[in-house]
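Attaching a single structure in structure tokens format; questions to follow.
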């Protein structure tokens, strides 16, 4: 299964270029499916969840979205392979559930770019028959968090009720300032086009990649969408992060003067 | 299995996509109407006035303007409902006066965006038969203000005279640097298209939301447009703000060393 | 002589808007004419010269250029009249010489905007039969300048010779980094389209509006284009600026500790 | 006297203007040719190599690319000639090898601009029959480098093998963050359109123009593309840079307190 497309905007610029180009890799039928977006953001919570779903479910790559609104950049793999940054849409089957999982290395680089890419994602969602949208992310608390609540915002009152019964919290004035970027737009534009759309945001310090917050979000998804995933991988990554945090705290303590040090000052 | 080109929901770029989309909610006949713009800005003066007019008059939402030139963002209500940022145009009847009141959560995020959205607003104004434009805002003084003058700039000499007789002040070299953003463009573009257009700017410190400055602007509107509105709400908000300012000043004073403190230093 | 045009991009955004709009106010025949550009820049040298030519010659406003690439702004006159920022093209007759003098309150706000507006200016130049282009500006020296040399850069060797014989200096590696903005583009794009095009840059400190540097540039223009202008106005402004500089230096000296002050320290 | 609409020299926006314009200067047949890109970047490594190839080979200028996505700027030559910034494509014959060498004074000024210009370059490459792409650059090490390794990233496994046998190193997680700008896009977009495409990056401090790093990259090209170039020029420039570095280090040492200085402190 390959790609035959030439470079973006085949033809010279004045022939009128497409600013977003979608590469079609597979076209299966999805049933009663849910779009789950996990692009890079606070604590990488969305990305961790999306990648975990792709790894744990039965997965197939359906689409790649290339765009001049993404950064002008290639990623380089461990072996040295260079690949143009893109956003990927995977079909993931978990239990009886069809998911369209959207992830990638980058978000758009401008406000207009966010709109264009969100629209491209929603077009794909429409093509494959998606009926609801869950945009995932983290909400920064500014301090290390023990208990990772999952906050929500949704396009309808009835969806708010459904999410609350799966453990999502809706708090007055949170997140302050609304939700910015593709997650916000998928909910806002998706809601306007008649989809059930919500944003699920795991609480996280905001300073570190946070696999624990990702686990909390996954817990909500399991309850809401009625599937189960093995969390071993994320737990291991969470343990690794805890080690990192502990070592950072030790180093910080070593650099703080102890009471003994202080005795000699003044 | 090959590759196809993307097409954005609104068409690919060279098909000419809508960068501004207007949702039509009602189409009443307006008579001899005035556009009043109060989008976010200095001291939230314009927004406070616009929202007060909508609350106190007989109001109907006519249009919502969505655009990729607005920030890529949803606002979240207290109950958790997410809504795509937009600019709203309300028909407001106050006394015998038909108003088209324009407000919203955000302004455009770029210079080009300001032009595009101002043009969309003026197109709507033309559709509903608006004959004059009043763009509201605040002008920062840099210090707490007791007496809130309302400064003006207008598209014609005769309008300047009319506004002066309703208490608007026209001062040489104020505002310095002209008027930037949608307020400036509604006056500039509106004036060019033959509308009577003016900007009314309430003096305000520039540091705080300023319901008193909003009251001063409302006073001018009442005189100019011959309607009356109940100001109780704004007066209460002004009292609340005064309490906030007093508490801030107390805190500041507590943190200043007193003469007694100073005695012990040196 | 009036303007009848409606607001920019008559029609809604999706009808395809013009991003630059030219208002035609007069269409005289110009003979053997020279475009002189003086838009805001270092030391306001270009603007001072352009405005002086318009005041001293027999002048008529031919075109106004409006564009969404200019800042979203109105200027406010002393009497309170608000006008959309634009770039103005005046026909100025001085002696036997036809000039197209281009000035305004603002330059474009982005790189793409600079290109679009430079192209619009060159289109107008072509319409009225301009044969050569002189883009005026200042080149910052970083210190107060007594003798204001006029540096040049030009689109052809023969033009360099002509300019040298009128007192323009061509120095290796000046200006460093080339010439940025509309002045650079008028020379670069103008040269490419077959016009004789040059940039004349008066040396100036870079910190202050500099009527003396403007006089130096005017001196070159008088010699080159064989006309004479009364410089009284600019001389008066230069005297005013010298007073300002002297007062600034006095204030600076007062704030410097004198030898007497220093005696008491340490 | 009324008003007409503007039309940009390249047509108004909705007529589809050329945002990239290619000037055709010659159209020779190239055989089995390789595109070599060396635009300004870290250590000017790519530019030094590209310019050296143009000087040492049999060269002809084929295309100039002008674009509103390049900075709005003219460069000024030593004699005072002003030229609009552009990107140049030269046909260079070295031994039996046909090269298309792409260089210039500037890269694009925005993300979208990088995409548009990379596409224009690849269109030209297609026109002249280019079969592979080598994008050159520097990779910053943050310290002065003695041995200049050449790192690689490529569009296919087989190309990685070929490059390794010519001395290119492929290291895990280098360059961190992928490759940004036109070099990245030529590899990413070129690879997508079926070209063999790679980026070769000479290690360099990142602080200085680095002719030694350029020599290392040239060494790889000589081996890979089977030609030889005289390196005398680059060696001389490398010697000059070494003198500069030595003098900088001396100055730095003079400003550092010596042990003797320190004896008197405290």
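We just call them A, B, C and D in the order they show up, numbering each chain from 1.
In this text, a residue touches a chain if its C-beta (ideal position, glycine included) is under 8 Å from a C-beta of that chain, and two chains touch if they have at least 3 such contacts.
Which protein is which chain? UniProt says A, B, C, D = PAC2 family protein.
Small disclaimer: the values here were computed from a predicted structure and weren't measured.
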Checklist line | Same-site or different-site touching of chain B (PAC2 family protein) by its copy chain C (PAC2 family protein), using the half cut | finding: different
Next item on the list: Taking each chain's centre as the mean of its C-alpha atoms, give the chain farthest from chain A (PAC2 family protein).
Entry: C
Margin query: I'd like to verify one number: the distance from the centre of chain B (PAC2 family protein) to the centre of chain D (PAC2 family protein), where each centre is the average of its C-alpha atoms, in whole angstrom.
Written below: 49
Check: Just curious, how far off is chain B (PAC2 family protein) from chain A (PAC2 family protein) if you go by their C-alpha centres, in Å?
Finding: 35
Check: Touching two or more other chains, which residues of chain A (PAC2 family protein) qualify?
Finding: 3, 5, 16-17, 19
Margin query: Under the stated contact criterion, what part of chain D (PAC2 family protein) meets chain A (PAC2 family protein) in this complex?
Written below: 16-20, 22, 111-112, 114-116, 118-120, 122-123, 152-157, 160, 170-175, 178-182, 184-185, 187-194, 197-199
Check: Which bits of chain D (PAC2 family protein) are touching chain C (PAC2 family protein) when the two form their complex?
Finding: 1-10, 12-14, 19, 66, 68-76, 78-85, 109-110
